[in-house]
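Here is the structure we will look at.
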Amino acid sequence: MALPRLLVWNEYRHELQNPDVSAVYPDGIHEAIAAPLRQRGFPVSTATLDQPEHGLTDEVLNGADVLLWWGHKAHEDVSDAVVERVRRHVMGGLGLIVLHSAHYSKIFRRLMGTSCSVNWRVHGTQGENERIWVTAPAHPIAAGLDRCIEIPQEEMYGEFFDVPEPDELIFVSWFKGGEVFRSGLTYRRGYGRVFYFRPGHETFPSYHHAEVQKVIANAAAWAAQPGVRRTPPDNARREPLEKMG
Amino acid sequence: MALPRLLVWNEYRHELQNPDVSAVYPDGIHEAIAAPLRQRGFPVSTATLDQPEHGLTDEVLNGADVLLWWGHKAHEDVSDAVVERVRRHVMGGLGLIVLHSAHYSKIFRRLMGTSCSVNWRVHGTQGENERIWVTAPAHPIAAGLDRCIEIPQEEMYGEFFDVPEPDELIFVSWFKGGEVFRSGLTYRRGYGRVFYFRPGHETFPSYHHAEVQKVIANAAAWAAQPGVRRTPPDNARREPLEKMG
Amino acid sequence: MALPRLLVWNEYRHELQNPDVSAVYPDGIHEAIAAPLRQRGFPVSTATLDQPEHGLTDEVLNGADVLLWWGHKAHEDVSDAVVERVRRHVMGGLGLIVLHSAHYSKIFRRLMGTSCSVNWRVHGTQGENERIWVTAPAHPIAAGLDRCIEIPQEEMYGEFFDVPEPDELIFVSWFKGGEVFRSGLTYRRGYGRVFYFRPGHETFPSYHHAEVQKVIANAAAWAAQPGVRRTPPDNARREPLEKMG
Amino acid sequence: MALPRLLVWNEYRHELQNPDVSAVYPDGIHEAIAAPLRQRGFPVSTATLDQPEHGLTDEVLNGADVLLWWGHKAHEDVSDAVVERVRRHVMGGLGLIVLHSAHYSKIFRRLMGTSCSVNWRVHGTQGENERIWVTAPAHPIAAGLDRCIEIPQEEMYGEFFDVPEPDELIFVSWFKGGEVFRSGLTYRRGYGRVFYFRPGHETFPSYHHAEVQKVIANAAAWAAQPGVRRTPPDNARREPLEKMG
């Protein structure tokens, strides 16, 4: 059975403007996310903000089973029309994996209906250690993991994370500075599956971390419904299925 | 302890235009909803679509602990500015009870992030019977109910109901014509509590039904956080709580 | 990738004692469940109550990724030792699919912690029609289904179904006689995944129904963690992971 | 409206045998839990392990709306008959608040269906600091709390906490040594409501902590269904509610 087709979207501006970021992700965060997925055999394409239509035409979206999304400082530059287009594809069955600072992306906020705000901190230039604990070891997204994932350097996100109660809570993060964060969350929206995963600050090498890569691959397999793209749900009048009196 | 302050909002157009509706609800659906709540001792005020600002100024909203919302054919006439205002109050702690066709209101769709679409049918002039089964008998919204509520005449709503998986599923409806529907659903959004309750087609006397009235009263008590209205959650930078290395 | 190894367990007494049952399931309910799974390529073995140790030795259980369980009138004849053995395998990662009247099996009640009781009725010799509605169309267990599954003849199970709130509600059933039932439910227990699926009264041909077969196959794939069988969770003392003051 | 009647059950052995415990809780942990509840106006009685029938006769249980349970080293000394009696009361509507090491009590394990095991550590004689973060600020159990509760000295409990996915996740704890823990969890079982709350190691003064006391009082109000004690759910045959063909 062919593996699902993945599409990695990246804002791709930090890397072009900030040498501290390009030092960590010389080919862009999208390529860092895509490479280990390709190694696992997934067909992976990429798209970025400054391409025409942000690289997200209907044709491109139809060619993907799962969309992975990284954005940070330019959420407002994503056009509402493209956000609406992506939303319709998710409602129709496209999987969506929302990474790190994309908690504040237009598409995630739109799908959640809440502010999706967090408490946050980048501690100095070194960040702080994050330890991602598995709270749902039987879930396919946690397959192959040990009790926790150690990440030496990260930005902190802390509760209250203003999202709806997730369908499933897969991970909870511990931070050196004293906070916790629900860092792996699943949701179903329309006919689509959505996963939020926390790590991935642009100045730290989290996407080079083998266990982070494993989670992203697990999530991509979980979110995919290959060959399924329905018309999103809509109000419809129906005749009775039973004989009425 | 004083009972929470309730605000019943109604589109209030069917009743003024359609004698079949005003025959059932001569003072408007809002007054039919408000009366039994007043009898239970709740302080209840009302607001309607065609009042200035739809009757929903910040001052009015600040004076309520729970907002009940009925709308049907004029969802699009509710201004986006007022929807955003109500949304901010809900995120800040205002309870929200969404009734029947308000599944398709701007405010509910905005808070859910999905289409909130349903399958539906009004069978002839008599409708069909709905039987609302209790699936969470230990929940305060189901307090005092028997196994089910019998409603002789209603419009049908059937699955798939395109809403997020609820925090709690309280009721499931059976319809004569062959459908089922998740008809009592709780959600938390920001600092607020939201409840969707299905019955209430404008040509049928569901809001005169004693058990329906009991559920609405239970839900109002459940959704209220009297005296709580916080600034809605927002991103915030935080200093470490622990000494960092 | 090899498909998961399935083990179908059946009480297998009705079929030997009641010609009305053997007329529908001449080779036993276990073979009726197993055959369409084998057709899909799953390696399937079977076990029955009256075999030594009910056919469920540690060796047999270790050889399975998912156990499917049908029982009805002899729940009390299943030995507590075997129930405890199965429970430990589930806690360690064995998938479990609980079918129809096995809602009242020792293993399901033990894993749920509730009575798992239902309201029920067999209407005459023909039963009544059940319509299984999909409430979670994006879930892998509902893959390939239309809006609902029509089953012409079944026993009725009605709410209140005394089980814990499921992790995910996949199906809700409608019954001709007026009841609804949460008929497809997922749970995680320890390191294992559990799915309850309602249809399957012994005198009706539900396991010959193509859509019922599809759901069972979907559920088997969902519940399986091939190659995973851990030591079930247990209390453990741990040293700090961080330097303590 | 009268406040619900509370019954605090304590193992009450540490306090009689270990001066380090009696120094912190001279009148027993049960009295430390009861006192601030009485101050809030709740009628509170107590019962302990070494009373006849552990102080938990049907008459005593019928006189309570909510039972609070603290146990640690003598779980096995609680008779199965009393556990079954308590279970039936919970299934019939008695609220149950399970505190700290009672995660491993017979009654909690029986109601959960899992091992309820944890990872744990008492760090030296001083313990370590726990910070209980609020993840559901709109929930009544979190009413009146700030973002988190600081507890200077506690035993550590860490994930994986082998319990079913809760109905609602209210709190997540951070520990100095590097772990996180889901520390406030709600469940419905039968007609009853259950809340697990983590803090309360016997050598540390957590039950003298004002915010811990507030949570326990909130939880008692939430779990209570005054005047409700039903026959627990049981299988029942039912006639059709609709005319059958």
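For reference, chains read A, B, C and D in written order, and residue numbers begin at 1 within each chain.
Heads up, the rule we're going with is that a contact is a pair of C-beta atoms (placed from the backbone, for glycine too) under 8 Å apart; a residue touches a chain by one contact, two chains touch by 3 or more.
Chain-to-protein mapping (UniProt): A, B, C, D = Trehalose utilization protein.
Treat the numbers as computed from the prediction; the structure is a model and nothing was measured.
Annotation of subunit A (Trehalose utilization protein) and subunit D (Trehalose utilization protein): jointly contacted by B, C, touch as defined at the top. At the far end from subunit B (Trehalose utilization protein), in terms of centres built from Cα atoms, lies C. Averaged Cα coordinates give subunit C (Trehalose utilization protein) a centre that lies 32 Å from the centre of subunit D (Trehalose utilization protein). Counting partner chains per residue, subunit A (Trehalose utilization protein) shows two or more touched chains at residues 131, 136-137, 158, 160, 165, 167-168, 176, 178-179, 188-190, 241-242.
Contacts from subunit C (Trehalose utilization protein) toward subunit A (Trehalose utilization protein) in the complex involve residues 1, 93, 131, 136-140, 143, 167-168, 176, 188-193, 225, 228, 241-242.
Touching subunit A (Trehalose utilization protein) in their complex are the following residues of subunit B (Trehalose utilization protein): 91, 104, 110-115, 117-121, 123-124, 128, 156, 158, 160, 162, 164-165, 167, 176-179, 187-190, 232-242, 244-245. Across the complex, subunit C (Trehalose utilization protein) is touched by residues 131, 133-137, 147-148, 158-161, 165, 168-169, 172-175, 178-180, 182 of subunit B (Trehalose utilization protein).
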